[in-house]
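Naming follows writing order (A, B, C and D), and every chain is counted from residue 1.
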Amino acid sequence: MIAELRETVAVLHRELTRYGLVSWTAGNVSARVPGEDLMVIKPSGVSYDELGPDAMVVTDLHGTLVDGALSPSSDTAAHAYVYRHLPDVGGVAHTHSPYATAWAARGEPIPCVLTMIADEFGGDIPVGPFALIGDDSIGRGIVDTLRGSRSPAVLMRNHGPFTVGQDARAAVKAAVLLEDVARTVHFAHQLGTPETIEARHVDHLYTRYQNVYGQ
Amino acid sequence: MIAELRETVAVLHRELTRYGLVSWTAGNVSARVPGEDLMVIKPSGVSYDELGPDAMVVTDLHGTLVDGALSPSSDTAAHAYVYRHLPDVGGVAHTHSPYATAWAARGEPIPCVLTMIADEFGGDIPVGPFALIGDDSIGRGIVDTLRGSRSPAVLMRNHGPFTVGQDARAAVKAAVLLEDVARTVHFAHQLGTPETIEARHVDHLYTRYQNVYGQ
Amino acid sequence: MIAELRETVAVLHRELTRYGLVSWTAGNVSARVPGEDLMVIKPSGVSYDELGPDAMVVTDLHGTLVDGALSPSSDTAAHAYVYRHLPDVGGVAHTHSPYATAWAARGEPIPCVLTMIADEFGGDIPVGPFALIGDDSIGRGIVDTLRGSRSPAVLMRNHGPFTVGQDARAAVKAAVLLEDVARTVHFAHQLGTPETIEARHVDHLYTRYQNVYGQ
Amino acid sequence: MIAELRETVAVLHRELTRYGLVSWTAGNVSARVPGEDLMVIKPSGVSYDELGPDAMVVTDLHGTLVDGALSPSSDTAAHAYVYRHLPDVGGVAHTHSPYATAWAARGEPIPCVLTMIADEFGGDIPVGPFALIGDDSIGRGIVDTLRGSRSPAVLMRNHGPFTVGQDARAAVKAAVLLEDVARTVHFAHQLGTPETIEARHVDHLYTRYQNVYGQ
């Protein structure tokens, strides 16, 4: 199981570079090990070209290294906090993707003006607090914000987005779609004001997409 | 014939990723099977890396699965409606390409201020209604809008573009050129106002491009 | 010589896609055949994936096909006019690169506010007239505009840029650098006003770059 | 040692193209040869496809060619000046990356409104003077500006960024992260005003990142 998750998490990091969500060694993905108080996460400051399965590290849900030759991501404490407090979450992704981070820098939620936002995020994409790295502040900010929303994404002020999902793939999907809609709504606002979508239509779209889309 | 169309439609999906028109599994292309009430379309929610010919599905023109192991695209009903009501259309493409979708989100047609718009779209690129997924609303919105225009593209409000063509390749070409011109006109508007092209020049360009360009 | 130019021109087309200057089959590069009233140019409406040396066509300097299985680019008349009237020009490139075309759509020259513009273009990058395809109008607009400028690039109104050079490689280089500076100056203007460069500094930079840069 | 640095510097140039920081042959990276008054630098005007280790040149710290078949970069004098005056610098990178250069063209520092800016740059990213190529003006402008800042990056007016680091890899990292933050802050400003980060938080982030991040 852990070997499989190392492979999954390693491969999912390629989606971050494919979609231009990360630069250099920034950004990270983790997966909860089902049924255990463990997670698999990216090591700190390693090039995306070298992120094979063996480079991934295993920590407990307080971020203590359990297996792996490298130091875990500097955001490990935030991932761990999310897993401890949101039991349905099986994967977490973090990037500084440029359009989403620009909304975060202004502290503005992304308004639900696209069917894709209704589908995946179920409403406006919320802003989380400014939080310093080094203790549970970032994790607490993520969890407190996501608890009040259907959105799997939170825009942490002056920092960037964190996304969650039932597994690591779903968290990465949310990170990819987040940047897509952050960009499109940015463009829409540059030349005017996008039209709103009525709340009942947002509900219809969200329910359908969550239950009918895919295989 | 169907085997060939599976191959064609599969290959055309690569153009959507090549030009950055789609994220994750969003977007879809279909082709009418000439002389039959059938179409070949992308399956729902499958990664673009796995969209080989065998993954494509065949449905009738009401979206009922006829051949294929996977569920058809969630936009199948819209494609089917187009084929039922526009007999000259042999291909349909749908994306959420960012610049075109930004115009759609504001409900603004793209003005015909570039020779490339006159060539391919024959005038302003029109906006279609807001329509919910789940019945014929999207298909009807596409058909009603395209009937009043020379444009092979319609910007569905709060959603994104649909394009049509005599075959699937022409529909994908329209999707690619649409995003190109949506972006350029967006840029032009950001710093001022683009100059207009006289209607008679638009007609001249459209007629020539439709009849003389290419092999 | 012609075989070599077919190879050169074919390879240079890859730079247009590498830098995102063209979509689908739009854009074209040509090279004058030194010492002969001939040129090598891209065929019309052929995919960039299929632009090997054999696909290139040879025409005289009035655009009449001399060698090749395909119809020449629909912009052949404009290239031919340039070669007939500017004897020092050995290569021509044409794209609809998005930022340069946005300046063209507004009919605004790109101001010389970057050392790279001074280096390569020697001053502001000028705007040419609106001209319809089908006769010598485009060619004449290019030549008349370039004669009054050190710039190897002209922004044809509502259409896009044409660039020239002593050979095809130099023309493509100008097309690449043009889009680069069109984009950067666009960005600079979005949030304020770029500082100007004094005319004597522009001259210094231009002279040095044209004579000292490179091998 | 010099053979290794030729390899390192050659490989690092690929990061400039990977992240879209350079066009055509613009941009350059150099590395100081530890313990010697020498540096390894890119040749002038050579295509990025041909920048293998053998193409790199070795000069002394006044820019005089010591080893290599090609002429050194036209920015060699600036790199050499930096190495002579900043003994802790082991690598220098120069690009015209579009967002950073847009800030440079306006002569505006990039404000420290992102945790990534605090981490890597330790505060606002400063602007250097307008300086002509051909003597020590550019080098002096870089050194004078960097001496008053924790930032490894300086935005040279109307020109583009130079970055430094303890080795060439660190200088290239700074160039990559600079463009990333220049872009995100550009986006943030386009639709409003980003929130500031308190100076004590900037200090906390900078100290932690410089000491704890990575392996």
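Note that contacts are C-beta pairs under 8 Å (C-beta built on N, C-alpha and C of every residue); 3 or more make two chains touch, one makes a residue touch a chain.
Being a predicted model, the structure only gives us computed values, none of them experimental.
Counting only chains that touch, the fewest steps needed to get from subunit A to subunit C is 2. Chains touching both subunit B and subunit C: none. Copies subunit C and subunit D of the same chain sequence form an interface built mainly from non-equivalent positions, shared numbers / all numbers used being under half. At the far end from subunit C, in terms of centres built from Cα atoms, lies A. Mean C-alpha position of subunit A lies 31 Å from that of subunit D. The distance from the centre of subunit B to the centre of subunit D, with each centre set as the mean of the Cα atoms, comes to 43 Å. For subunit B, the set of residues that touch two or more other chains comprises 190. Those chain pairs judged to touch are A-B, A-D, B-C, C-D. Those residues of subunit D that touch subunit A in the shared complex are 19, 113-116, 173, 176-177, 179-180, 183-185, 187-188, 190-195, 197, 201, 204-205, 208, 212-215.
Put simply, subunit B touches subunit A in their complex at residues 23-26, 43-46, 70-71, 74, 96, 98-99, 101-103, 105-108, 130, 132-134, 157-160, 186, 189-190.
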